[in-house]
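Each of the next two complexes has subunit A plus one more chain, namely subunit B in the first and subunit C in the second.
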Partner chain A sequence: MVSVIKVEGVGRDFTVRKKVGRLRRNAFVVTAVTDLSFVVQRGEMVGYIGPNGAGKSTTIKMLTGILVPSTGELTVAGLTPSVERTELARKIGVVFGQRTTLWWDLPLRDSFELLRRIYRVPDPRFRTNMRTFSDLLDLGPLLDTPVRQLSLGQRMRGDIAAALLHDPEVVYLDEPTIGLDVVSKSNLRDFLRETNRERGTTVLLTTHDLDDIEQICSRVMVIDHGRLVYDGGLTGLHQLGGARRTLVVDLVEPAAALELPGAETVRVEGPRQWLSFPADASAAPLIADIAERHEVADLSIREPDIEAVIKQLYTNTSAWSSPPPFVE
Partner chain B sequence: MASSLSAVGWNIRAYLLLARMWIRVSMTYRASFVTLTVGQFFITGLDYVGIAIMFSNVDTLAGFSFSEVAFLYGGSALCLGLADLVLGNIERLGTRIRMGTFDVMLVRPVSVFVQMCADEFALRRLGRITQAAGVFAWSITALDIDWTASRVAMLPYLVATGTVIFLAIFTLGAAVQFWTAESSELANAFTYGGSTLAHFPLTIYPREGIKALTFVIPLGFVNWYPSLFILDKPDPLGLPPAIQFAGPIAAALLSVLAAIVWRRGTRRYQSTGS
Partner chain C sequence: MGLLYAVAHLSFRRYSTYRAATLAGIFTNCVFGVIICFTYIAVWEQNPTAGGYDVTDALTYVWLGQAMLMTVAMWSGGATDELAGRIRSGDVALDLHRPVSLLGWYLASDLGRAVYHLLSRGVAPTIVGSLLFDLRYPPDVLTWLVFALSVALAVTVSFGVRMLVSASAFWLLDDTGVKQLAAVCATFFSGLTVPLVLFPGWTREVASLLPWASYLQVPADLWLGKLTGLDVLAALGFQAIWTVILLWACHGALILANRKVVVQGG
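Let's look at the complex of A and B:
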């Protein structure tokens, strides 16, 4: 495995000036990110989540070279972003959900053409990529429209294509699905998965939409108050949040609420019962127990709602003062 | 060395790419482009009209004739115009920082300085340049002086050093916005305002003013000191004549200062939180 992103003990402070009284301004320091360490391997798709103001965008800005870290070391594709920024720019693609990297006044086609020259994309490669992106992102009908006239979803498709036109090793997407409709979101996820599979592009994506994570990321990093509080797979996240799974059983005959060790019956509706049990426990003994007492017609297990898991996680971690105990 | 040379070459090419793109954008509204260019020609020409009106009442200004003042005006305005054409929109840095669009420039493989210089490159600025060049050319024909080889050689020297000085002042004025991120009014005072000061013989200003325009904001080196040589005028400060040829030194020092401040500014850039 080849590590593409290495972050070691990185922190970033901001000096903020606030007006106090009529003329005086006081400077104080806001710590956006503290002691951040992680490694991302080539071809990984990592979801980076956390509440508003947790430090996600600040992290991405340091990984692109926009911001210089206050402490710690980081390299991306072997380069130090803040020092070798313009060199790194050729190896990364960036999508900011909040603002476009395209030129407002240019038709999409001309923006791409200009990017081709700025990134010095070889002609055949450019044509191949344009064909692929036009296909997958359905850009064809938009190419002659100036960016300012595009809808948010259309613009985002343009931005994503622009970020990938030069075959970057790493793409960062900072809230790419914000404000998109369901169909656009789903197309975008398909496109990212496809790009990752075909080109081995490493993807780091911040989002509020946990569906994004569930559908494309094999790994999640959770940041809260500038600290990494979780780094691992989605399943581990469930356990960490103290989440519970639900076993739904359809009995052949209606029965009184089941009373089983290690589970709690939360709902009964005729022959159907809902049993809640810890996400990290196995369902097998539970099922065996039920089968011993009743005839079972059908069974299904519901995974915990990740939204609830994250909420739980935030409330748990916000109280922490020491370094995060949960890193898988 | 080779790699830094190729970096310079690449950045010049990138500048031309971006500038050409903006020219194409402005040409899609050809009528408005023509109006703006002609408009700039006349509006910037008003300064000159003011000088002409003044000379309909007086024969000389602080010992300078109409054609001599026109020469000073033309030189200053031409240098400003050229610098303005090359990087006039660099003053929008503060706005870009506030809007967060400067971030976008930082992730492109072209120096941000070059990108800011080429930002919304406006060919309509040829309006100012044409007007200034016209006045400058006319004053040269109208001046009653002996055009020796060294005087003739002094003309391109004046335009080159003067333009570099304005380029450096524009850059400094913009770089300060890394700290203030406020409006560009301060920067404008030094560039457009400074150019206006240099329209006139510096002898009309108090001695401290002349000193400031020599040693603090070296606008005197744009057109004043070369003109003392060309027009064969005494130096009101009585400085050694070598100062008339010190323009490149002033321009170089100012450029180095501008480069340092710009670099520091980009390093301390904080982006915006949102």
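Let's look at the complex of A and C:
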């Protein structure tokens, strides 16, 4: 395996000047990212999630070189982004969901034409890519429309094609699905999966939409208050942050709420009972315990809702990282 | 080079899509041209050799002023207008990320625009003016060429000024105030309202040294044949020097701006 992105102990502070009183301005230091370390291998599709202000965009900016880290080291495709930004730009593609690289007043086609020249994409390669993207992203009918007349979803498709036109090794997508409808989202995910499979493009994607992650990423990194709080598979995430699974039992006869070690009965409705237990515990002993006491008609297990898991994760980590009480 | 040519070409095309705006602009130029002509006729009746111009020179100057107004984008409407908006929205970070010089990009884009505005907002009012009034024209091909070069330099000087004004948004966030100030300076010191040749005493000397003199007074004097021999070279050299100074200043400002964005985070 070849690592494409290496991040080691990276931190980033911002100095913000705030007005206090009429004329005085005080400088505050805002820490956007602290002690971030991870490695991404070639061809991985990594989801990068976290609440607003967690430091996702700051990380992406550092990985493109438009922001220097305050501390630590990072390399992308063997280059130091902030030092070799121009060289790196030819190897990476970037999409910022709320911004566009396309030229507002020009037809989409002209934007691609300019990008072809900027990145010196060889002619045959350009034509192949244009054909592929037009097919997969359904850009054909949009090529002659000025970008300002495109809908958000159409523009995003254009932006993604623009970011991939020069066959980058790595693409960063900062909230690419924000504001898109269900169909557009699903097309976009298909396209990213396809690109990753066909070209081995490494994808780092930040999002608020966990479906994005569930459907395209094999690995998730969770950042909160500038710290990486989880880095691993999606399944591992379920076991984290005190996530619980639910066992739903249908007894043959209605019974009083079950009292079992290692589980909590959260709801009783006639013969049906809901038992909550830790996600990393096995359900087998629990089921055996119940079967010993009652006749069981049916059983099912509900996996934790990933949304709830992440919410749980954030609240836990916020508790760890909250500053100590102020002492005068 | 291929890239910057494409940028200029697309910019030309882009401005040419605003046809109604162009027609309305030409109409306005013509109306103002006529009004100012009648004012000037009255002035030159009082003083037939004011500033070394006869009345034909003065009327020609009026139409050259209308023609240069949009060609140098004296008040606004240049390709540089976009930059301030992109700085404010933060989109400029994406521009900086591209492997292309921001200065070269905007210069090419503004030149494409200037060619379009010269051909539409420049040529059309001049033709109208020449139908309505008796005007003076360059006597020979060489003068035409010198004038064309001077117009090109007028555009690069005004580009330099406008680019600096827009780049101020990196530090001020909003360039509106600076832009208004720059527009006032351009109107006054280019000689658009009153030709610089009519400025009294030392004010004329000073105004002739400022970059705005490049916008209108210098090309007009070349068109009218007021300058001959070495004075022609001096006039073009004056414009060229301001072009170099301003582009160099823009280059420096963009390096500082880049550092500010990358190191301070915008």
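To be clear about the criterion, the second predicted complex is superposed on the first by the 267 of 328 C-alpha atoms of A that agree within 3 Å, B and C clash if a C-alpha of one lies under 4 Å from a C-alpha of the other, contacts with A are read in each partner's own complex, and residues count from 1 in each chain.
Definition applied: a contact is a pair of C-beta atoms (placed from the backbone, for glycine too) under 8 Å apart; a residue touches a chain by one contact, two chains touch by 3 or more.
Every value quoted in this text rests on a predicted model; they were computed, and no experiment measured them.
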Subunit A superposed: clash or fit between subunit B and subunit C? clash
Who does A:L234 touch here: subunit B (first), subunit C (second), both, or neither? neither
Applying the document's definition of touch, where does A:L67 land relative to subunit B and subunit C: first, second, both, or neither? both
In the superposed arrangement, does A:V248 touch subunit B (first), subunit C (second), both or neither? neither
Of the stretches 37-45, 91-99 or 127-135, which one of subunit C hits subunit B? 91-99
Which subunit A residues contact subunit B in one complex and subunit C in the other? 14-15, 58, 61, 64-68, 82, 85-87, 89-90, 94, 96, 99-101, 103, 105-106, 110, 114, 117-119
Touching residues on subunit A, where the partner in the complex is subunit C: 12, 14-15, 58, 61, 64-68, 82, 85-87, 89-90, 94, 96, 99-101, 103, 105-106, 110, 113-114, 117-119
Touching subunit B in the complex: which residues of subunit A? 14-15, 32, 57-58, 61, 64-68, 82, 85-87, 89-90, 92, 94, 96, 98-101, 103, 105-106, 110, 114, 117-119
Flag every residue of subunit C that touches subunit A in the complex, lowest number first. 2-3, 6-7, 10, 13-14, 17, 89-91, 93-94, 96-100, 261-265
Residue ranges of subunit B in contact with subunit A within the complex: 14, 17-18, 21, 24-25, 100-101, 103-104, 106-111, 267, 269-271, 273-274
